[in-house]
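You will see chain A twice below: alongside chain B first, and alongside chain C after that.
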Partner chain A sequence: MSGSGSEPLLIDCARQQVRVIGALIVREMHTRFGRHRFGYLWLFFEPLLLGAMIALIHGFRGGDSVRNTFEFFSIGYIMFFAFRGMINRASSTITANRGLLYHRQVTLPDLFYARHIIEAVACTGVMAIFTIAGIALGGEPPDSIVKMLCALGLMVLLAQGIALVVGALTSEWEALDRLVHAMSYLMLPFSGLFFMVEWLPEWMQAIMLWVPTVHIFELLRDGQFGDRFRATYDLTYVAYWILVPHLLGLVGLRLARQRIGLE
Partner chain B sequence: MKLSPPTIAFEAPAPEVEPTWSEAAPIPPPKPKSRLKRFLRHPFTWWVLAPTLLAIVYFYGFASPQYVSEARFVVRSRADAPQLSLGNMISAAVGGGGTSASGEAYSVRDFLTSHDAVMRTHEQLDLTRIWGREDADIIARLWNDDPERMTKYFNSMVSVSFDSSTGVVLLRVRSFSPEDSKAIADTLLRLSEQLINSLSSRAREDALRIARHEVGVAERRVLDSRDALTRFREQQHELDSAGAAQAAMQTMGQLEGTLTAARAELREREAFMRPDNVALQTTRNRIAALEHQITAERARHTQGGTGLSQQLAGFERLMLEREFADRQLASATASLETARMEAQRQQMYLARVVEPNLAVHPLYPRKLISVASIFLGLCVAFGIGWLLVTGMREHAV
Partner chain C sequence: MALELIDVHKSYPMNIGRKHVLRGVNATFRRGERVGVLGRNGTGKSTLVRMLGRIEAPTRGKIQSSMSVSWPIGLAAGFQSALSGADNCRFIARIYDRPVQATVDYVESFAELGEYLNMPVNTYSSGMRSRLGLAISLAIDFDCFLVDEALAVGDTKFGRAFAARIQNSGLIIVTHQPSLVRQLCTRAAVLDQGTLTFYEDIDEALATYNSL
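Right, the complex of A and B next:
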């Protein structure tokens, strides 16, 4: 980087970073779920239980429309669960792993990447389980699994961008943590989890389409239900929401790293 | 705890300030290379400035002007006055509002972006000549004339949008000369008009065909019943079986009356005449004759097959059939009339709100917006890429 005659190849650095992130994932799993025998399985159980409960409550509340089916809520809910989990944990990421920064190879974004990979894997696994369960319960198989996975990937990237920003900001202002928690709860009704844009009155549709998660949920439902709804989404808009927070977050983390080092 | 000293990796975003990024030799040269050289070697120059420069050269140097022709139209049906029916009220309450005319507008919009519209326009106007002309710049020009790519290109040059609150469809056509744009817009409007007319007449035909068929069936039934009645009359040599039955009943009544009178007369005469009196014998003969006649009459009228009762039943059935047929014809004619009125009311047409215009000033390509968005997009992409790469480099052992 800074002019040391024989600069290492970029590919070696990348390999090294992958190793670091892998090690961080293992560490994160240990600290979060302990060393019990079935500890890691909690990674899947937690969203599985939550999603199933919510879906069952809505399922029993009645109604024949797709709105009340098992798939509509279970899969949507775990995606929002992953999104909220990533953003809420962002504030503790740096403080929890401060000791690791002693090692030169561990950078701040690595800590976030490791956590997000864990969340993404858990969410994908639970999504697969719910999809299979939905088919087993007599539902129709999803229209396009690729679209569902795209939605999941975009959701993770969006959450990662926001989490990087939140992580950078909370390293400077601790109090922001509370605000982020409150915001992530308040976002629930507006996230697109409970509705399709099509069902809303026109004036509300225009407002809701400003929320990036609404587009992602529409994409998810397009993959799940296909032609049964008219999905409206604009992935370019979501891409802006992914790229700009990434830029801000990564810059913010670089600035934060200098301060943390000085403490 | 002692933390490792942070790697100072966040350097100046702009190349002009503090060029710490340059690959300095182990022994730095006494005088760094000229500013220009360092500027030229910076990745920012290559990844962001150079593409932006290319875009500027293209947009301001080569890009041929594109002229927009714009037209607006609405799809109307005569039944624009809302029908106050339960179905409409429910659909309006649910929010799935939308009259049939807006549905037609959607289908016009879908038609205008389809390969069908492209091919029909191509037949009339030769789109390869319009969009592939020699003086158009090579990037914006149409190169292929196979239907799929032409449809794709068509959709990039023609935009159709439907405003669901006002019901106006907006058609915008771009091409390299104002006349061509207007010609394409005119052709597309004409094609849309044809589509709406064919849809409308098809719907009308469908509605009327069923009603006409019903009337035909009813007419045939009326004729059949008349025929059957005539045939029955010819067969039975009687105009009115009901009348014949009436007459037979009268005959029977008279015979019965005469018989009763004769019996009374016999009883009366027996009281004072000797049994072998001639007059008495005459009366007895008359009674016997009358009884015989009554039996014969009764047999004639009630015997199976040709009996009057059978005849009467057949006649009444035919009369009933004729009456039903008449009523069916009347109701079928009435519903045909209703269907005709309904069809007339639902007839749709395409009303032009704004005629296609002949552009004077080229609105496209939007040079400044395109260049600025290319520059901004590349900046963001470069920033993220640079951050990721330097992040990786920090892992160097």
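Right, the complex of A and C next:
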């Protein structure tokens, strides 16, 4: 929807989109955490608390393999937490922001991008805190921080693609929301959070490698622990899981924008 | 500079079949024109406004615009009601690339909201909401303001200030109140049964509207 007779330049569109997403981020922070000065800290506190609790429960069960260390669970868990949060929140993204669609430069994908950027920043921050805490608790520093950040980036993009699809679908069929919540919860044991592929029997390895998050967790552990494990991942496979849902989701949201009533 | 509607149709899916709200609307709104569109309840006034604001696509036909048109300013439109008036102001200033503080200052001086500017919009009366919407849009400044039932614009201090402020801008106001059209507009149209009919003479439009 161009503003004037001549088509606007791509760079102007990009600038406008950046502006809108920036404004949406500020607005989202205000609605989610209030306007109190320390409200933003909740953004980090919630995953921090959850990740730490899970890690402590697993950590105190004894044994001294890497599986039982603090880093294995804490960082893995917050990544899964971000993944699940992005997908579960997708169904409310459009309804919560419906009033803003009165401004024609606010597009449906922008609403999702803004939320996802917040999620990614929170996750990165908490990941840094856990990494430092892990070292302080006597663990070794990570083998490759770049690999860890790549894993986080891929996880966010994977969740984003799925969230766009879920957002488009739930705008038409609201009931799907419940299914999404159940699925994202039931996925936990198969996500790759609790195991390394090399620990599994061979027949199960082949099955588990169909799950895209398994590859991402393997990459994360490769970055965290380096040679202490044999990590198995195929990033091309993950790329397909990112690209195809993005395409479907963006097309779906374009259709949804024409169909949703504003009042 | 103008906003043009060319054979615009709009229909919505219903339980059985489709509801045809607009059936071939043709119109040209030029820059600086102040047009009142009169319509009874349920004749598709709000639908028309959303089309003009290009936030809803027509089922058929075309909408062309070569001037800047505001978002449809109304009671609920364009706000996040859990946030304060000032926060909404800042958000809108950001997305339209206007200086944030200047926008807030303008709204503070124009909207007559007092302390309520820092209260959530969902605590506002309907008059306050429309004053906020109108004030923000005036601060952003458009070639043409698009207003859907601005209740507060009557013969009040705010109403007179608003009328004075838009003397040099375009306005499209969609309403069921003939008095508003008489107060603010230079041209009038009546929306009935999915078509829009323009009248050069405002009295003629009002007479037609009253006979509906």
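The criterion applied here is as follows: the second predicted complex is superposed on the first by the 255 of 263 C-alpha atoms of A that agree within 3 Å, B and C clash if a C-alpha of one lies under 4 Å from a C-alpha of the other, contacts with A are read in each partner's own complex, and residues count from 1 in each chain.
Throughout what follows, a contact is a pair of C-beta atoms (placed from the backbone, for glycine too) under 8 Å apart; a residue touches a chain by one contact, two chains touch by 3 or more.
Small disclaimer: the values here were computed from a predicted structure and weren't measured.
Trainee: Regarding the shared-chain residue A:201, is it in contact with chain B (first), chain C (second), both, or neither?
Mentor: first
Trainee: What is the contact status of A:27 with respect to chain B (first) and chain C (second): first, second, both, or neither?
Mentor: It touches chain C, and chain B stays clear.
Trainee: Name the contact category of A:13: first (chain B only), second (chain C only), both, or neither.
Mentor: Only chain B; A:13 stays clear of chain C.
Trainee: After lining up the shared chain so the two structures overlap, which partner does A:103 touch, if you call chain B first and chain C second: first, second, both or neither?
Mentor: In the superposition, A:103 touches chain B and chain C alike.
Trainee: Which partner does A:255 reach: the first (chain B), the second (chain C), both, or neither?
Mentor: first
Trainee: Determine, for the superposed model, which of the two partners chain B and chain C contacts more residues of chain A.
Mentor: Comparing touch counts on chain A for chain B and chain C gives B.
Trainee: In the overlaid three-chain picture, which partner chain does A:138 touch, first (chain B) or second (chain C), both, or neither?
Mentor: neither
Trainee: Between chain B and chain C, which residues of chain A are contacted by each of them?
Mentor: Residues common to the chain A contacts of chain C and of chain B are 1, 3, 5, 16, 20, 99, 101-105, 258, 261-263, listed in rising order.
Trainee: Show which residues of chain B lie in contact with chain A when the two form their complex.
Mentor: That would be residues 1-10, 20, 22-26, 95, 164-165, 380-381, 383-384, 387-397 of chain B.
Trainee: Which stretch or stretches of chain A touch chain C in the complex?
Mentor: 1, 3-5, 16, 19-20, 22-23, 26-27, 30-31, 35, 97, 99-106, 258, 261-263
Trainee: Which stretch or stretches of chain A touch chain B in the complex?
Mentor: 1-3, 5, 7-8, 10, 12-14, 16-17, 20, 99, 101-105, 107, 109-110, 199, 201-202, 243-244, 246-247, 250-251, 254-255, 257-258, 260-263
Trainee: For chain C, which residues count as touching chain A in their complex?
Mentor: 12, 46, 50, 53-57, 64-68, 71-72, 76-84, 87, 90-92, 94-97
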